[in-house]
Structure formats: structure tokens, C-alpha cells
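Please read the structure below before turning to the comments.
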Amino acid sequence: MQAQFQSVADFFHMGGYAFYVWLSYGIAYGSLGILIGFCITRKSRVLKEIAAKVQREERLAQHRSNKQ
Amino acid sequence: MNRGISYTQAFFTLLQRDLKIAVRHRGDIFNPLLFFIIVVTLFPLGIGSEAKILSRVAPGIIWVAALLASMLSLERLFKADFVDGSLEQMLLSPQPLQLLVLSKVLAHWLLTGVPLIIVAPLLAVLLHMDSNAYPALIETLLLGTPVLSLLGAIGVALTVGLRKGGVLLSLLILPLYIPVLIFATGAIEFAATKQPYDGQLAIIAALLVGSLVLAPFAIGASLRVSTN
Amino acid sequence: MWKWLHPYAEPQRAYQLAGKFIPWLSILATLMLLTGTIWGMVFSPTDYQQGDSYRIIFVHVPAASMSMSAYIGMAIAAFIGLVWQIKLADWMAASIAPVGAVITFIALVTGSTWGKPMWGTWWVWDARLTSELVLLFLYLGVISLYASFEDKVLAARAAGILAIVGVINIPIIKYSVDWWNSLHQGSIKMTGKTAMPPDMLVPLVINILGFGVMIAALSLVRFRAEILARNGMRPWVRELAQAEGVK
Amino acid sequence: MTAQSNPPLLSASHLTCIREERVLFDDLSFEINGGDIVQIEGPNGAGKTSLLRILAGLSRPYGGEVLFQEDPIVRCRDEFNEALLYLGHLAGVKSELTAEENLNFNLRISGYAQFDPREILARVNLTGFEDALAGHLSAGQHRRTALARLWHTDCKIWILDEPFTAIDKKGVAELEELFIAHANNGGCVILTTHQDMGIISDDRLRKIRLDYRFI
């Protein structure tokens, strides 16, 4: 097994198809990156929402016990 | 406990009721039909009136318009019953839900599918469709439009409880309509060039049988979710 | 089997179990994708017909084949959820959908950019591309149906029914599109049946598997978040939220 | 209450209801026997309608199950539906059909072949309105068209969500008498109402209370 390209510049040139090859790889891995980012941050977003809800409910409970 | 109503009687009771309501509410029958006619007449205005081009695209236009008309009219299939609570009563009826659902779909097809089939040849004349293709047009519509009603009813059952179900409905069911569209227009094209088109008809018939058997279950399950 | 599965059917256990798998799957996926992609991009021989443009295959084909598998996986999860009323399976199905949709999108875009140098146009109504487009619509249908219901328990059941209806239709759609394509297009095909040299095939297979593992890992990450979101009223989630959420 | 040898007609076992991430009730269990008249009470938003819909099998509970004569209702749906008469907020009356056509349809779809619709409509004071389109009837008459089927049924379990809405005092009294007669016949009535009942005495009425929960 040996590298098919003479130089790094050759590699990026992709035998004249650089635009198409790098465009498709760019879009593919770019959208994968965005997807991965959203997947990973989703957990903390969910937890934040729940924490906010818990606080809201605590305030509500406090409000009710003050009234009684 | 037998109260004296057979499945067949229950089926026809519901069918009769839906037809009666539709007759008293005529807009539901005529609006989709008018939509179908108007969409088809728009195409020559958009792509030019040359007979050669029109006869080439006629099967596609008529079928796509039929698809859209069927989808638009389906939106009302369960809506009224959902809003006034009769759908709940149907779900709680001791009759099998699949049977009742089938009856409603049949009523809908009689009211919107059959008029479509009747006016389709007239529209085919407007689009200069090849005269060899007329039998194929009628046959594919006869076999295909019930499939559209059955598949569409699944989407309608899923979205009936949602406030803005209309746009969503098209996203849910139009992809499912693709095989019918492909084989129906294929059959008409074959007929226009005097090739045998039994194969395509057989496939549409198989789709009809398949959806007759399976769709009622999906529709029933979807209705149970929507009325939850 | 259900007895054995039962302890894992508890949300908290499933959450922890998924957490144990995710690092291993992520490492495996990264390694496989790196190996496959570098091998394919640098070491695989240049195709004598298509030149180096064929190297798009190493991302297009894995995405295309895995997009279909992910849909089937989603439908299986939905089926388990509907029939045995296991909510975890519903959540799993809901977690797979967006991942599958992105993979399908990738398959479409890479197919299209591959088409341009091959056929001189960005879009051809090739059978595989058309099927991928329809598959994307099916995914989007499931996702937007799930998003449309306020009550997520109902949303999962509705989306599950749609996913199952879709999976029954996929072979029919695929068959009809193939037939239609043979009727109208003649013989445009993306990959011929010509034997591929092992130096092309092996990295391709590695990438296909890598995509599969990556989809599994991402789905599990989403699955964990979904478990938290759906169990917001449970004490263990609230403790977790208060420990991590307030920052 | 005397101990009964018969299994309870309807029992709720550890029901949990969660709507939009809010717990309406949790681990709710009770049994309803023939002869019971049960009122579900509680403030708005406590989940009364949700509970009735779960008992009727229209909604699936988040956890727990409803048993009909000790069988889960999801497993004996047809038998259960034959024994159940449910009337929700929405009456299930078609405004395009006349009162008589509505009653005919409702009874036939529930399986009854033999009945005299005019006589049943007379019971709910709708004589003379048989041929009027339901859409033209007043709210009370509309409601009575829906309630008419209570006078021709062999269902044991009646689940009624706000049956007295838009019904006048005399009508309420007639309904209450009907409920008592039904309970004395071995049936059960489960209902919600915001109105006071005059005839059904407090010791006859069983109450299940749902409270509005904040968490």
C-alpha cells in the first residue's frame, strides 16, 4: 500500500476534482459536526430547562405557603 | 350479549350517515372536484398549448392533480367527527374499529374519488391525451384513487387532533403516494404507445389489496392516539 | 427475555447503561472513520474512469446505505414501543430520527456533488438519489409529526405509527423508483457492478461500519437527553438538573 | 358496604396520568361495584376529564391499568365497549342530522337493532323536534339528544362527563332518578358535575376527590 499522491499539493488538487471532492467532504463532515454539537449540548439544555422548572415550582410552593 | 346489529349493518349504517351528511353539505363534494379541474386547466396556460407537449405530460398532470385533490378533500375525513365528539363514540362502539374506519374511507371515496374518475376523461380531452390511453386512465384511477384514500386516511388520522395539521399532512402522505403515481402514469404511457400495461395495473391492484388489508389497522391505531 | 430486559427498562438504568456505552462507541467510530477515510483518500488507487472524483464514494455510499438502515432501526424501535408499550423504545425511535435525517441529507448532497463531474449536472433523477430524496421526506415527516404534538407520549406513538407505515412503504417506493428510472433514464447508474479492487472496497466497508457505529453513538447521546427531558418530574432527574443545570 | 362475592365492575389500579410533563394524579387506585354512583370532584385542571377518559379506555394512562371485571380493558376491548356508555363534554351529535337521525345512528352503532326513537325522544321532552336539524336546536335540546340514549341501553357502566350541562332543573331531577334506577339495577354511574344534585343523597353518592397538584 502506498500513497497515491506525489505531494500534499497534489493531494489537495485531487486530480483536478478538488472542488467537488472537498465540497462534498466539507458538507458531509460539516453537517456531521453541527449534528454532533447539537446532540452533545442537548443534554445540558434539557437539564437547564428542568432546573428552571424546579425553581419555578419552588417559588410557586413558597408563594402558596405564604398565603396560608 | 347480542343486540341484533351485524357487522354489515353497522358498516352500512355509518356509510349511509356519512353520505347523508355530505349530501346536506354539498360543498365537500364539489370543492375538491373544482380544485382538480382548475389545477389541470392551469397547466396548458403555464407550459403552452402545443398539443404534442400536452399529450406527453397529460397522464402526469391528471394524476398529480388527482393526488392533490384527494389529499385536500381527505383533510375533512375525520375532522368534523373529531370536533363534535362522534369520533370518540365510534372508538367506543362495540363494532370493530377497522370496519368503521373502512366504511368512512369508502364513503369518502364515493364522494370524492368517483366524481374525479367521471370528469377525468373530459380533462384528458382538454390535454389532447392519446385516445388509446383512455381505458388505461379510467382503470388506473379506479384502482388507484382508493389506495390514495386509504393511505391518506392514515395521515389524516395522525393529524386530526393537531391545530395546524394541513401542511404537515402533505409532508406525511405525499411520499407514500409515489408508487401509485409512478405505476399509474407508467400504465397510461404504455397504453398510449399501444404496449401492454397489465403489469402496472396488477401492481396497482396489489397495492390496493395491501392497503385495504393493512391501512385500517394503521388508521385505527392512529385515531386512538389522536383522540387520547 | 422480557424478564431479563425488565431492569434495563427503567429510565434511570437505561440512562446509566447508555452512558457506559457512549465513550466506547465514540472512540470506535472515530477510529474507523479516520482509518477508512484516510485510507480511501490517500492510499486507494485512482479510478481509471472517474479519476479522483470517485473518492466521494467513501462518504456517499456509507451515508446512503446507513440512512436506510437507520430508518429500519427507528421503525423497529417504534414497533417495540407500540406493541409492548415500552416507552424507552419510543424515545429511542425519536432519538434516531434526526440523526438519520442528517445522514440522508449528506447522502443526497454528496451524491449531487459527485454527479456534477460525472454527468455535468448537479442533479440527475438517478434511482438511488431519488430514493434518498423520498427517504429524506419520510424522515422529515416523522420529525415534524413528533414536534407537532405537545404531549410527547402521544407524539412518540404517532411518530411511531408513521415510521412503521413508512418502513412498509420503503421497499415499494424503492422498487417503483427503480422501475420508473429504467423506463425514463436508460442506464445511468452510480456504481456499476464491476468488481472493486480490495484497496477500494476495504476502506469503503470500514467507513460503512464506521457510519453505523457513529449513528449508534449519536442516537445514544440523544437518547440520554430524551430520557432526561421526558422524566423531568422524577426525583433523580431533578437532582441531576440541580447539580448540573444551574451554572 | 357489604362484602361482595362478585368481582368489581370496574377497577383502577395504580393509575398515573401525566400531561405535558405535569403529573395530574399518581398511583390512584379504586374499585367501583354494581350499585355505585360515583362523583369525581376537584378543581378545574385537576384531571377529572382525563380520569374519565382513562376509565373509558379513550386515553392510555402513563402507568397503571383499568380493569373490567378483573381483565385489563385493553385486552377485552370489545366486551368492555359493549358494557360501557360514555358521554363526554362533546355530545357526539351531528348538526347536519335531525334529532331522530342522530339517535338512530347512535343506537345502531352501539349495536341496537330494535327501538322506537320517537318514544325515546319523548322521554327527554323532544317530542315535536324529531325532524329538526340538531344544528337548529337549543343547547339544552342538543344535549338532551345526546342523553336520550341513556333511556335505551343495557350497558352496566355509565361514564358521564358533566351530564347536567345546559339541562334545566326538571331535567336534572329526571336524570338523577334514572341514575338511581340504573344503580339499583346493578349498574354503576361515574360522573363529574359542578352542579348540586338534589335527589341523590350524600350517603348514596360516593366521591373520589382529585386535587390540583403543583408538582
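Going in written order, the chains are labelled A, B, C and D, and every chain counts its residues from 1.
Convention: contacts are C-beta pairs under 8 Å (C-beta built on N, C-alpha and C of every residue); 3 or more make two chains touch, one makes a residue touch a chain.
Owing to the predicted nature of the structure, the values given are computational and were not obtained by experimental measurement.
The interface with the largest number of contacting C-beta pairs joins chains A-C. Most remote from subunit D, judged by the distance between CA-atom centroids, is A. The mean-CA centres of subunit A and subunit B are about 42 angstrom from one another, to the nearest whole unit. Subunit A and subunit D have Cα centroids separated by 51 Å. One finds 16 Å separating the Cα centroids of subunit A and subunit C. With centres set at the average Cα position, the gap from subunit B to subunit C is 32 Å. Counting only residues that touch two or more partner chains, subunit B has 228.
For subunit C, residues that reach two or more other chains under the stated contact definition are 151, 232.
In subunit A, 53 are the positions where the chain touches two or more neighbouring chains simultaneously.
Residue ranges on subunit C touching subunit A, taken from their complex, read 41-46, 51-53, 55-56, 59-60, 63, 98-99, 102, 105-106, 109-110, 113-114, 116-117, 199, 214, 218, 221-222, 224-225, 228-229, 232, 237-238, 240-242, 244-246. Residue ranges of subunit B in contact with subunit C, taken from their complex: 154-155, 158-159, 162, 164-165, 168, 171-172, 174-176, 178-179, 182-183, 186, 207, 214, 218, 221-222, 225-226, 228.
The touching residues of subunit D, counted against subunit C in their complex, run 18-23, 60, 62, 215. Contacts from subunit B toward subunit D in the complex involve residues 1, 3-5, 9-10, 13-14, 17, 20-21, 24-25, 80, 83-86, 88-96, 100, 227-228. Here subunit C touches subunit B in the complex through residues 82, 134, 137-138, 140-141, 144-145, 148-149, 151, 154, 157-158, 161-162, 164-166, 168-169, 172-173, 175-177, 179-180, 183, going by the rule given at the top.
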